[in-house]
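Next come two complexes, and both contain chain A; in the first it sits with chain B, in the second with chain C.
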Partner chain A sequence: MLIKPDREDLRIVAFALGRIFTVIAAASLLPLGWAVLGREWHPFASFLLMIGTFAFLGQLGLRYRPSDERLDWSHGMVVVALTWLAVPTIGSIPFIFSGHYGGPVDAIFDAMSGLTTTGLALVQDLDHMAPSLNFWRHLLHFLGGQGIVIAALVLFAGGGGLTLYYGEARDERILPSVRSTARFIWAVALVHLVAGVLVLGVIAHQVLGFEWKRAFFHALMVFFAAFDTGGFAPQSTSLGYYHSGIFEFAATVLMIAGAMSFGLHYALWRGPRRALFKNLETRTILTTFTFTMVLTMVGLGVAGIYTSVQGLTRQGFFQIVSAHSGTGFATIPSSELATWGGLAFAGMTVAMALGGMASSTAGGIKALRIGLTVKAVANQTKQLLLPEGAVVSTQYFQSGRKRLTPELAQSAMTVALLYVALFLLGTGVALGYGYGVQEALFESVSAGASVGLSVGVTEPSMPMLLKLTYMFQMWAGRLEFVAVFALLGFIYAWVRGK
Partner chain B sequence: MLVVMALLLALPGTALAQDGELVPVSGLLEDGARFDNVTITVEGELIGDYGFRDDGVMWTQINDDSYARDALVDGGPRTGANVGIGVRMPSTLGENLDPVGGYRLEGPLVQLTGVWRYHDPNRGGESYLDVAELLVLETGRRLEEGPDWTVFALGVLLLGISLVMWRRNRHLTADRH
Partner chain C sequence: MRRRVGRRWGMPADLAGAALAFLLELMIVAGLAAAALLVAAVVTAAI
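Showing the complex of A and B:
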C-alpha cells in the first residue's frame, strides 16, 4: 500500500528548505553589495526583492520545526529536487526585472542554466548588461557547481547530511564525515578562486591590456564559469572575445580542474599521487578524451575547416576540452560550430555526453560509469569465451581495490541509459519543431549533460515547449535522476496514497 | 555565361565579395570564408573593452545589432542576442575614441574598413577584422537607468516581514529549549 506523506513529512521538508533558502538569501547579499558599489540602483532593487523572497520563504520554512530534524533518504532527495527548482525560479527575479529577457520563462531558463552549470543562454543584449547582474549569473554557476545544499551543510549542523550530499549527485565521501567533506570541497574551490582569479586577472591586464578593474572583473567571471564547468561568459562572444592563446590556456587548466572529482583533488593535495593513474576513472577519462579529440581533429582536418596546424590544434583542442569537461565555452561562433559535420560533430557530441568525473562540477554520464560499464561488458564477454566454470576477475581499482558487483554494474548502466533517454527526449522535441537531426541532437546533449555549447538552436525565439524541455533536461541531468524520481514518487504518494 | 551569372546572383553564398563592400556582421558569422582576406567595411558600436597590447595594436569588439543604436537600457526593443566580431587596429587609431560601450554606455558608432581574417593561421585560427581605417559616425553617450521603486518597496516589505518572522522563530526555539 502506498503511504501518503503526513504532516510531519511536510514539516521535515519545509524546515530543511527553510535552512537552505536562508543560506541562499545570505549568498545573495554579494550581488546586492556589487550593485551598491557600482551604483546600479535598478538591479539593486530587484536583488533586494530576491533576497526578501528567499528570506521570507526561509523563515516560513523554519516556522515548521519537526519533532525530529533528521532527514531520511526520501526526504533528503525531495529537498534537493525542490531546492534545484525553487532557487532558479526565485533567483531569476533580477533577470525578470532587468529587461534583458523575453519573459519570466527565459529568465528562469538562464537561472536554471546558471545553477546547473549548463551555460545555454537566452539573455538579450548581454554586452550592455549591468556588471552586478552579470556577476549574479556567474555566481549561480559557483553556487550550483560547489553545491548549494552542501553550503547549507557546512553552515548548519543537523542530521540527514548524507542524503542531501548524495542527492546533489556526489558519489563519494572524501573524508569520514559529510560536513568535513563539504568543507573540503569549499576549501578546494576557494584556493582555486584566489589562484585562478589572480592568474587570469594579471593576464587580462598585462597581456590583453585591459584596465585593472575590468581585468579582474573578467577574471572573476571566467573563473566561476571555468572552474564550475558552467559556460556563461561576460561578453556575447564567449572566450573568443579575448583573442589570446594564453588566456584560453589558463581557462583550460581551470576547466580541467573543475571536471576532476573532488576525490582526485584530495589525492593530489594529500597524495599518494602515483595511485591516481591506476584509478579506473582516471584511465577512462584519459582514454575517452584522447578518442574524442582524435575524432574531432581528424574530422576538422578532413573537412579542411582550418588551413593551418596551429589553427586546427588550438581551436579543436579548446572546443573539445570545453565539451568533455562540460563547460561550454567557445572561441568560435555558434553558427560556425553548426558547420562542424561528420567526425568533428561526432567527436564533440560524444565528448559532451560522456562528461567529466563523478563528484565533480561537470555533468554528463561521467567517466566512472563508462569505465564500470565497459568493464562489466568485457567481463561478460570473457566469461562467454572461457571454458565453463572458469572464474573471471571482477576487481577494479578506484582509490583501492574494489569488486565490480552485478548491482554496481547494473546501476552504472541504468544511469547511462537514462542519460541516453534524456538526450533523445530533447532531440525528439526539437525534431518535432523542424530542426535538423544534427542540431537537434547536439543541443539536446548539451542541455542534458550540462555543457552549454550551442549550434544556434537556443535563442529567445525558440519554441516554448523546447525551452521547457531543455530546462527539464538541465535539472534532471544535473541531479542524475535519483532526486527527480524521489520527488515524483513523493508527489504521486501525496495524490494517490492512503 | 548569362546562366552562370544568374546562378551566382541567385546563390548569395557563392557570390564573390567586393573589395570595400559594406558587410553586416551576421554575414561574416554565417559565411566568414567568403570574405577571407578581402577588404570590407563594417559599421557598428565598439563594445566591451579597449585592449591596448604591447605589440602596438588595440583589440576590441564591434556589434552591429539593433542595440548598437538602441540599447535595452534606453528603451530599445528586444531583438535577440548580440551580433559582434573581434577587431584589431593599430593603437594610434584607438587612442582618442570615446569610452567603449557597456552598461549605461552607448559606445562610439564607427565605420571600420580593413581585411577580414578568417581562421588566420598566424593567430591560431582566430577570425577578426584587421582594421586600417576608422571613421566615427556618432560619438558615444551615457544612458540613465533609475531604480524601480515598486520593486524596491516590495523587497523592503518582504525583508521587514522576514525580520519579524525571524524574531518570532527565535522566541519559539528558545521556548522549546
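Showing the complex of A and C:
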C-alpha cells in the first residue's frame, strides 16, 4: 500500500525549495548588475521580474518551516527534480521578453538547455542579443554544471545534504562531509574560472585582436560553457567564430577539465597522482576516447571530407572532444556536421552517448558505468569458461581497490539501459515527424546526453512535441533518472496513496 | 610534491597543487592532440 505524503512532507519539500530559490534569487543579481552597468534597461526590467519571482517563491517556501528540517531520501530527490523544473521555467522570464524567441516554450527550452548544460538552442538573432542576457544564458550553464543545490549546500547548513547531493547525479563524496565536498567543487571551479578567463582573454586580445573589454566578455562566456561542458556560445557560429587554433586548444583544455570527475581533480591537486591512471574510470575514458576518435577520423578520411592532416586533426579532434566531454561546441556549421555520415557519424554518436566521468559536469552514460559493465560482462564470461566452483576476481581499482558486487553491476547496467531508452524516445518522436534516422538519432542522443551538438533538427520551426520531448530528455538525462522517478512516485502516492 | 613545489616557489601548498593540476591537464590534452595528429597522418597516408 502506498502512503500518501502528509502536510509535514509537503512542508519539508516547500522549505527546502524556499532555501534554494533564495540562493537563485541572489545569484540572479549578477545579470541584473550587468544590465545596470551596460545600461540595458529592457533586460533590467525582465531580470527584476525574474528575481522578484524567485525571491517571492523563496520566502513563501521558508514560511513553511517543518518541525524537523532533515530531508530523507525521497524528499531530497523530489526537491532536486522540482528545482530543475522550476528554475528553467522562472529563469526563462528574461528570454521571453527579449524578442529573441518564438514563444515561451522556446525560451524555457533554452533555459532548460542552459541549466542542464546541454547547449541546444532555439534563440534567434543571437549575434545581436544584449550582453546581460547572453551572460544569463551562460551563467545558467555555470549554476547547473556546478550544481544549484550544491551552491545552496555551501551557503546553508542543515540536514539532508547527502540526498540532495546524490539527487543532482553526483555519486562520489571526495571529503568526509558533503558540505566540504561541495566547497571543494566550487573551489575547483573558481580557480579554473580565474585561470581560464585570463588565458582565453589574453588570447582573444593578443591573437584575435579583440579590445580588452570584448576579449574578457567572450573569455568569460566561453569559460562558463567549456568548463561546465555546456555548449552555448556568445556568437551564433559557436567557436567557429574565432577561427583560431590556439583559442580552440585553450577551450579544449577547459572542456576536458570539465569532463573530469571532481575526485580526479582532487587527486590532481593533492595527490596521490600516480594512482590516477590505475583508476577504472580513467582507463575506460582513455580507451573510449581513442576508439571513437579513430572511428571518426577514419570515417572522415574515407568520406574525403578533410583531405589534409592539419584539417583532419583540427576538425576531427575538436569535434570529438566536444562530443565525448558533452560540451557541444562546434567549429563547423551544423549543415557541415550533417554531412558526416558513416563511421564519422557512428564515432560522434557513440562518443556523445558515453559522455564524461561520473561526478563531473558532463552528461551521458559516464565512463565509470561503462567500465563496470564491461568488467561485469568479462567476469561472467570467465565464470562460464572456467570449471565449476572456480573463483573469479571481482575487484576493480577506483581510488583504491573495490569489490564489484552484483548489485553495483546491475545498477550500472540499469542506468545505461535507461539512457538507451531515453535516446530511443527522442529518436522515435523525430522519426514520426519525418526526419531521417541518422539526424533523428544524433539530435536525440545530443539532447539526452546533455551535449548540444546539432545537425539542424533543433530550430525554432521544429514541431512542438519534439521540443517538449527534447526538454524532457535534457531534464531526465541530466538528473540520471533517480530524482525523476522519485518525483513521479511522490505524485502517484499523493494521488493514489492512503 | 605540491609542498616541495610550494616551498621552492614560495607559494601555499594548495596553490602549488592547483598549478601542478593545470600543468597535468595541459599535458593530458597535448598528449591526446598528439595522438589525434598521429591518427590523422596514418588515415591520410592510407587513403
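We take it that the second predicted complex is superposed on the first by the 498 of 498 C-alpha atoms of A that agree within 3 Å, B and C clash if a C-alpha of one lies under 4 Å from a C-alpha of the other, contacts with A are read in each partner's own complex, and residues count from 1 in each chain.
FYI, a residue touches a chain if its C-beta (ideal position, glycine included) is under 8 Å from a C-beta of that chain, and two chains touch if they have at least 3 such contacts.
Just so you know, these numbers come straight off a predicted model, no measurement behind them.
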Task: Mind working out whether A:335 is in touch with chain B, chain C, both or neither, as first, second, both or neither?
output: first
Message: On the A-aligned overlay, A:297 touches which partner chain: chain B = first, chain C = second, or both, or neither?
response: second
Query: Which partner does A:395 contact after superposing on A: first (chain B), second (chain C), both, neither?
result: neither
Message: Looking at A:67 after the superposition, I want to know if it touches chain B, chain C, both of them or none. Which is it: first, second, both, neither?
response: neither
- prompt: Taking the superposition as given, does A:191 touch the first partner, chain B, the second, chain C, both, or neither?
  reply: second
Task: Once the structures are superposed on A, label A:40 by its partner contacts, choosing first (chain B), second (chain C), both or neither.
output: first
Field: First (chain B), second (chain C), both or neither touched by A:312
entry: both
Message: After superposing on the shared chain, does chain C or chain B touch more chain A residues?
response: B
Common interface positions of chain A, toward chain B and toward chain C: 307-308, 312-313
- prompt: Okay, in this complex, where on chain C does chain A touch?
  reply: 1-2, 14, 17-18, 20-22, 24-26, 28-29, 32-33, 35-37, 39-41, 43-44, 46-47
Message: Under the stated contact criterion, what part of chain B meets chain A in this complex?
response: 29-30, 32, 47-54, 58-59, 61, 63, 65, 67, 71-73, 76, 78-86, 88, 101-105, 119-121, 123-128, 145-149, 151-152, 154-159, 161-162, 165-166, 168-169, 172-173, 176
Field: Touch list for chain A against partner chain C, complex
entry: 191, 195, 249, 252-253, 256-257, 260, 265, 268-271, 273, 289-290, 293-294, 297-298, 300-302, 304, 307-309, 312-313, 316-317, 320-321
- line: Residue positions on chain A within touch of chain B in the complex are 40-42, 44-53, 55-56, 58-60, 62-63, 65, 97, 99-100, 102, 121, 123-131, 207-211, 214, 218, 235-237, 240-241, 243, 245, 305-308, 310-315, 331-333, 335-336, 459-461
